[in-house]
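What follows is a set of structures to go through.
The same chain A turns up in both complexes below, where it pairs with chain B and then with chain C.
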Partner chain A sequence: MRGRFVLAIACVILCAGAARRRPALRLPASPVADGVMSFSIVAVPDGARLTDLGGSSAGIDLGTVSRVSGARSNVEVQPKATGFEVKTRFGIIIRDPAARGRTGSLLAAITVPTRYTIKLDGVQLGPAARLVASALRPGTVTTHRLEIQVPADAREDEAALLNAIQLTVVPE
Partner chain B sequence: MITRPMNPLPKRILRMIALAALFSLSLFAQTDPSAPTIMRRGPAPGEKPAVALSPAVIVAKGQFGAATTQTLTLSNRTAEEFAFEMMAQDVVVRDGKRVFVNAGELPNSIAQSAEFSLKSGVAKPFTSVTVDVRLTVPKQTDIRAVVAIFHGTHVISKSRNSVGMIASLGTLITFSLTDNIALTPAAVKVVANRDEANITVTQPIANSGKEPVLPQGVAAILNSHGNLVAKSTFEPQRLLPGERLNFTTEYGGHLARGTYKVLCSFEYEGKELTSAGTFNIR
Partner chain C sequence: MKRFTLLTAAVLFLGIASVASAQTATGTLTVTATVNSSINLVFNNDAAGVALSSGAGTNTATLNFGAVSAFGAVAAGITRTTTATTFTVSTPVDVLVTKANSASANYTLKAQLGAADAVNTWQVAGTTVTNAAQATITATGTYAANVPEAIALTIPFTTANATAISNTINFTATAN
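== the complex of A and B ==
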C-alpha cells in the first residue's frame, strides 16, 4: 500500500514537472548549440596605455589632453577648426577554443550622451550599437583606431567619459 | 470480505522512484526565473581573466510560429563583478553587411518575442550565471537570426583622463524555416606567386536563398593532365540571407610551371556547389 502511494506521488511530480518545462509548440528539430566565446581588450604597441579594469573591461589612458598640450605616448592630438581630435589605438582578442574557423563581429556604441564625436575604425558611434569590424579571428589581436573629436567650447568637467564605449562581440 | 495480501514492491523499484522524484524536484528548481543557476569556477592555470559566453552559436530548424527555449551561460572568470542586462536584437543584412536592429524596430521581429528568465543580474567573480531565453518565430517573417546579449552595465571608470570600455557578449541564434536554400557563386579568383610558394584561392559566394547556411568547402588543384596536385580547405563561414562573403584558402606548397585548373566544391544543407577556374604558374 505504502509502495503504491509513493509511486502515485512520484508520477504526479514527474508529470507536473514535464508539463511546466515543455512549451506548447516547439521547433521540431533540436537546435545545435556549440562554442564558448570570450574576448579581452588589450594594449597594442602603437596604442595608448590601458587601465585593467577587470578582465574584459578596460580604460584607455589618454592622459590630460588639450588643443595645445601634448598627451601620453601613442596618443595623437590634432588641432581642428572646431576643436581638437584625439587619436589612439587599442586591441581586441577573441577566443573560441571549441570552434574551428568561427569568427566574430565587433559592435560598438556610446553609453553616455556626449557632445564629443567618437569614432571607432572610422565608424561614428551613437547610442545604438553599430558594426565596426567583422571576421575577427580567435587568437589573433586586431588593432582598432579610436578617434575623439572634442569641440572647442568643451568644458573640463565634460571630459569625464564614464563608460563611454560599449564593445560587444557576437559570433558570426 | 476476502482481501488478498499485497505484494510489497521490491526495494530496487522504490529506490528508482525516489530518485526520479528527486530529479523532478530539481527540474522545478531550475525553471524558477528568480533563481538563476550559479556555479563557482576559478580560472584555469594560465587562463587570462575574461567573461565568456556559452553557447556561442545556436542553430535552430523549424517552422513559422514555433518557439524555442535556450539556456545561455555567462562565466565571469575575472576578479570583478559583471553586472548585465539581457537584450535581444534582430540580425539582418543590408547592403551586404550585417546590421543589428533593436527588438521590435523591424516588422515581424523575432527579437521582440524574447522572454528572458532573468532580465538583469550580476555575475560575481569566478561564478557563472545561466539565463533562459524563449524565442517565438512569428507566423511570417524574413528575419532568420537573433542575437541574445549579456549587455554589460557596470561602472568601470571614474578617471577624467581615460575612456572606459565595457565588454558585452552575445549568442547568435539562427533559424532555418523553409526549403528556400540557395547559394550563388561568383568567379573564382586565384593569386599564384611562385617565388613565395603561395597560392590564394578566393571564391565569392552570395546567399541568394531565404535561409542561413554554413557552407564547408575545399579547393582542388589539377594539373594539365587532370591529376590532383594540391588540395586546401576553406574556412567555414555562415551566410545569412542576402549576405555575400569571400571564402579564401591558401596553399603553401610549390607547383611547377604550367597551367592549372582549380575546382571549388562546397557542401551545404545536403546540397553541393561547384565552380572552376584556371591559372598559370610562370
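== the complex of A and C ==
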C-alpha cells in the first residue's frame, strides 16, 4: 500500500514539473531564464579599444607591434630576452538578475594552439579552461590583464596573431 | 520500500546538480595583432678596450679616452700609433645588433660624425667617418654577436696642450 502511495506522489511531481516547464519555452523572460548569470566584455580606461561582437563576445585589435614599438594607445610592448611581450587590459562585468548575492569565477581557454604564450591575469592559457579570477561581484567592472609573449624567432610572415579566448563565468 | 524511496531521492538530487552546473555564461574575446620585424643596436664594453663612461648596454653611450698624448703613457685599453706629424689613439667598442621576428640574414652598419671636425680624423673599424655622409662600416654584420669596432682618433702634433676634443658618432644598422 505504501509503495503505491509513493509512486503516485512521484508521478504527480513529474507531471507538475512538465506543466510548469512548458510556458518557460515560449516566454524568454521566464523566472528560470532571468536567474542565469551573464557577463559582458567591456573596455577600460587604460585598455585597448574593443569591438562589440554581440552577446558576451568582443574583439580586441592590438594593432601593429614589434619588439621596439607598439602603435596603439594602451597597448604596451616590453622587450624580452627571447622576444617581446604585448600587454593590455579589458574589463568584464557580470550580471546576475537573480540578485542572490552570489559571485562568479572566470575561467579562460584559448581556442587555437599557438606558439605565442597568452596569459590572462598572469595565468597561462591553454586549450583547457583554467581559473583566472574568482569572487567577481555582479555589477562591478573588473579589469583583467592580457599578456601575449611573442618569440623572437616567429617570422614576420607567420606573425599575424589571431586567436580567440573562450571565457566562462561560473556562479560560486 | 525504503530502497525505493532512497532511489527516488538520489534521482532528484542529480537533477538539481545538473541544473546548477548548467548556469554558466560563456563568451569569446577575439585577439588580433600584426607582428612586425625589428632590429636593435646597443653598445657594450669590450674586454680589451676602454670601458664606456656611461650607457653600456644601451644605444646611447659615452666613450672617454681621457688625457692622451703622442709620447706619454698610454692608458689601459688604448692602442697608440704615431706618424711624423700625428698620433692616433684607438680602442674597441662592442656593437651588438639583435633581430626579432625577421628573416634577415645580416645587417649593414653605417656611421657618421655628428659635427664637422676639420682638424682631427675619426675612424670606425678602419673606415674614416665624417659628418658629410654615412660611411659603411660593414655590409654583412652578424646578429646577436658583440662585434668589436675600433674607434680611432687621429690628432695632429700641432694641437695645443689641454685641447678638449669631443664629437658624436651616429651608428645606423639596417637589416639586409
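Quick note on the criterion: the second predicted complex is superposed on the first by the 130 of 172 C-alpha atoms of A that agree within 3 Å, B and C clash if a C-alpha of one lies under 4 Å from a C-alpha of the other, contacts with A are read in each partner's own complex, and residues count from 1 in each chain.
Rule of thumb we're sticking to: a contact is a pair of C-beta atoms (placed from the backbone, for glycine too) under 8 Å apart; a residue touches a chain by one contact, two chains touch by 3 or more.
The shown structure was predicted, so the numbers you read here are calculated from the model rather than taken from an experiment.
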{"item": "Touching partner for A:Pro127 - first (chain B), second (chain C), both, neither", "value": "neither"}
{"item": "Partner chain in contact with A:Phe84 - chain B first, chain C second, else both or neither", "value": "second"}
{"item": "Touched partner set for A:Thr103, first chain B, second chain C, both or neither", "value": "first"}
{"item": "Most chain A residues touched (candidates chain B, chain C)", "value": "B"}
{"item": "Partner chain(s) touched by A:Glu172 [first = chain B, second = chain C, both, neither]", "value": "first"}
{"item": "Contacts of A:Val150 with chain B and chain C, given as first, second, both or neither", "value": "second"}
{"item": "Chain B/chain C common contact set on chain A", "value": "3, 6, 10, 35-41, 53, 55-65, 90, 111, 146, 148, 156, 159-171"}
{"item": "Residues of chain A that touch chain C when the two form their complex", "value": "2-3, 6, 10, 35-41, 53, 55-69, 79, 83-84, 86, 90, 94, 111, 118, 146, 148, 150, 152-157, 159-171"}
{"item": "Chain C to chain A touching residues, read off their complex", "value": "1, 4-5, 8, 20, 23-38, 40, 98-103"}
{"item": "Sites on chain B touched by chain A in the complex", "value": "6, 8-9, 13-14, 17-18, 20-21, 24-25, 27-28, 31, 48-63, 65-70, 75-80, 82, 89, 91, 97-100, 102, 134, 137, 147, 149, 151-152, 154-173, 175, 235-238"}
{"item": "Contact footprint of chain B on chain A as seen in their complex", "value": "1, 3-4, 6-7, 9-10, 13-14, 16-17, 20-21, 23-29, 31-41, 51, 53-65, 90, 95-96, 98-103, 105, 107, 111, 128-131, 134-135, 146, 148, 156, 159-172"}
